[in-house]
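Per-chain numbering from 1; labels A, B and C assigned in written order.
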Amino acid sequence: MLTDDVPLTDHHCHGVDVGTLDRPGFERLLGEGARGDFDSAIGLAVRRWCAPALDLPAHVGPDVYLRHRAQLGASEAAARLLRATGVNRWFLDTGIGGSTADFAALAEGEVHEVVRLEEVAAQVIAQVGAVSGVYDRIETELRARAETAVGFKTIVAYRCGLDFPPQDHPPTSFAPEHRLTDPHVLGWLVGLGARIGAELGLPLQFHTGFGDPDLRLRHSDPLLLTDFLRRTAGTGLSVMLLHCWPFHRHAAYLAHLFDHVHVDLGLTIPYVGQRAGAVLAETLELVPFRALCYSSDGYGLPELHYLGAVLWRRGLGTLMDEWIAAGAITTADAEDLVTAIAHRNAERAYRAPLERTARKSDRPVG
Amino acid sequence: MLTDDVPLTDHHCHGVDVGTLDRPGFERLLGEGARGDFDSAIGLAVRRWCAPALDLPAHVGPDVYLRHRAQLGASEAAARLLRATGVNRWFLDTGIGGSTADFAALAEGEVHEVVRLEEVAAQVIAQVGAVSGVYDRIETELRARAETAVGFKTIVAYRCGLDFPPQDHPPTSFAPEHRLTDPHVLGWLVGLGARIGAELGLPLQFHTGFGDPDLRLRHSDPLLLTDFLRRTAGTGLSVMLLHCWPFHRHAAYLAHLFDHVHVDLGLTIPYVGQRAGAVLAETLELVPFRALCYSSDGYGLPELHYLGAVLWRRGLGTLMDEWIAAGAITTADAEDLVTAIAHRNAERAYRAPLERTARKSDRPVG
Amino acid sequence: MLTDDVPLTDHHCHGVDVGTLDRPGFERLLGEGARGDFDSAIGLAVRRWCAPALDLPAHVGPDVYLRHRAQLGASEAAARLLRATGVNRWFLDTGIGGSTADFAALAEGEVHEVVRLEEVAAQVIAQVGAVSGVYDRIETELRARAETAVGFKTIVAYRCGLDFPPQDHPPTSFAPEHRLTDPHVLGWLVGLGARIGAELGLPLQFHTGFGDPDLRLRHSDPLLLTDFLRRTAGTGLSVMLLHCWPFHRHAAYLAHLFDHVHVDLGLTIPYVGQRAGAVLAETLELVPFRALCYSSDGYGLPELHYLGAVLWRRGLGTLMDEWIAAGAITTADAEDLVTAIAHRNAERAYRAPLERTARKSDRPVG
């Protein structure tokens, strides 16, 4: 397939758990709710694709798989799965634990950091309290963290929803809370991230669509960002809409409308298993090919990072084969489309921080 | 196909009309609006599948079909169609007429009752009026009806929408109305059904998605139940989201998130005809395989009960064949998935009332 | 294919730009946002289908295509593309420029006018100002324009959204504005169009779904019209829901529910390219076959008019081939379905104005 060997930039993922997981522990990480389940599209995909990557026959039962995985050791299994992805550049959202150094020890390729706005704000508030000037401290800290990051991430979708109020200035009074939920503070924080991102060339990633149980799915429809996107068009900011399912057509429309909007399917791809190609096809109805990126949103289980890659390769590869067979696209154009989604679009969107990072790593230390 | 012979539990359907129907009468029952139409996906399916079940060639014209059906007699046609479904357990929502005894006289297999909350409440109010204590009488009556029922059903989606207010206690004042529409009364009634259901092990069925013309589709999106589902998680209640189209992906997400949520496609399957497999595939993206159930929502026309079964068998069977051919699932796992959806998931969700009923029918009468 | 030679009624499109377009100018018209892009589903379709229609090899690059198009001359290219559509009846929305005479000079077949309510109202207001009686003047002008038109069109979706307030009488005070945005004025105007349309047999077209950047997609969901459709059922008005994506299933449901509602996919078909058949299949799940119409919504680029036709023929033709092969429909029934969508449904919906127009053109002038 055209997609077999193309290197990937996984522009949004998380660290992995290298403790030994029993079946409940593994299944807990195999779902976005209280627990996942092997008897599901993603569970079938683990058995079909991850088992052979760990030298087991395809389709082995869950218990055999987990026993073998424990025998290998979680770190060894993680290293094998991560290296089998064909990803050579990882952008790690470190907002829920996991360091780039830990990840780099397991995976091949460059590892860069994506800084989560809400995490930084909560840390600052925890350190300094509700003093006057806390907002300035948050900005200072975000700018400091941006020095070595490739992007910002916001989970405002989980907190108050994507219909957060526009807020150019911080509220004059608020009761700082460790876990930010005040829509006005969040609106200000997202606006701040957008301004710094525009200034420094750091894309701003939004969680949209399905995810954790504390999310209300109706409030994570990316269409709720329409006014925000109108305001940020032309400012230099790149916006990355992550995951998107079941609103991936909505996200594709936004990318069609606004030049600075990019879309990925993130955790959708591993979760929908055999249906990855179908969801990609729906997204490709309207998304400009320059605006679709790859990510796995892998978190906890390296199986998710691996499934993201293997199901994306299979799904998009099969779709391209069909389009080529139908005469809808030439092989050369399909190769170009694949390359764009695999890494070129991300390279362009994250060009500024990637170049800054490259210059830094060339400099002698100190 | 794997699905050819698996027995089905139709966990939500209605009685059938055994009067002779002319074409307008038949087409009126072939749609959810003012009238249905043979020139539609479901109309094609009637001619393709129901005609041979009544010994006519496939694809005969509507008038030939209806003439032959009248010659057979509506009862004979109903008996043939219902017996050809392969359903051996029917759960009948009796809230809009039709008795389990009448149905059992036509169909093979067990017939159990599903009690519609709004119907019971309206009956009590009609009997006793707006006296103080009417709410207690409603609870008493629901408990009495629950004795011989396998589940509750609510059509709050039609009345005020699935965004009904949570209401632990009945409103202190209300003007009782025969056809309940007060959101607070409905919110209390649904909450009452949920509490009794949790206590007795009776699942609570919600109409969601498309249906009667007095429904506003935007208010029947199952995502509007998110907070209700959060409140009822862990109480022992099973919630069954019925029909769901065009929000079946939303329903699948809720079942992914909450262990106590089940989903079916109900009347979607007969209505979308040749597209049944495609809608099933979209649902299977995220729904845990333990959470998907079968129902036909057949009402009035036994053709609907039959099409539900035959199109489900064809649609899911074809999908499983494709997944097996693609190596995405083993034949054994596909058989297990089919069995789960066909009857095992419903048997588990309705275990308590089914066992109670079985014990009762073993007891000598009197 | 069954669809190869069926003549089409394009019941909603616009005029074409016959100036010479450079690549930025062409791409600007190839998208609904600030600009479109050859690297997209529609861009692939232009290269695949429009190139051969202009005697170039399929899949030539954008620059080769545009150079050849310029050599031919924009008018010649337009004439070739429009004549290759197989459309023999065009209904032109003249609300954003372009005249039926100009179009008729390029295309074969009849050309009729669709009058845009907002454009007429804005013209009257610009002429007479905020005088008392301006509403009567608008009605008078709409009735005059209706004499030679086949339908009305409203873009209320762009202005305040499809959740406009019902408004039987004009507001007693308003500040007339050239570009109407007051929801009450718009609500009155749409109601007026509905009344005149019912009286004269002129269908009322609604933009729904995706489109221009000044639209908020959430406010163009056709479900927001549910109450309007309930009010206008039985009045004699035909309502045409245009485009609909990504809410085409919602539109199909409304047509299932209400006899007077028709649906098309309009600009969806050219935009989604190779996915046209998939979107048609989703629509056919619930739409009665008597309620689906054809349109291209072509605007500016004759490529859009051509792609609408060719992708509709390919998409629906392939789908019918699949359904016939699966035994779900007979060839005769598929032919009938194709004819209905291609032109018969539109002929029935627009019968009164088409007959009026035909009588007029038979009369000697003067």
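Here, a residue touches a chain if its C-beta (ideal position, glycine included) is under 8 Å from a C-beta of that chain, and two chains touch if they have at least 3 such contacts.
All of these numbers come straight from a predicted model, not from anything done at the bench.
Look at the contact of subunit A with subunit C and you find different residues on each copy: under half of the numbers used there are shared. When the CA atoms of subunit B are superposed on those of subunit C, the rotation angle is 120 degrees to the nearest 5. The centroid of the Cα atoms in subunit A and the matching centroid in subunit C are 38 Å apart. Residue numbers of subunit B whose C-beta contacts span two or more other chains: none are found. Across the complex, subunit C meets subunit B through its residues 221, 223-224, 226, 230, 233, 249-250, 253, 256-259, 281-282, 284-290, 323, 326-330, 333, 336-337, 340.
Only residues 31-37, 39-41, 44-45, 48, 58-59, 210, 213, 216-218, 245-246, 271-275, 278-279 of subunit B touch subunit C when the two sit together in their complex.
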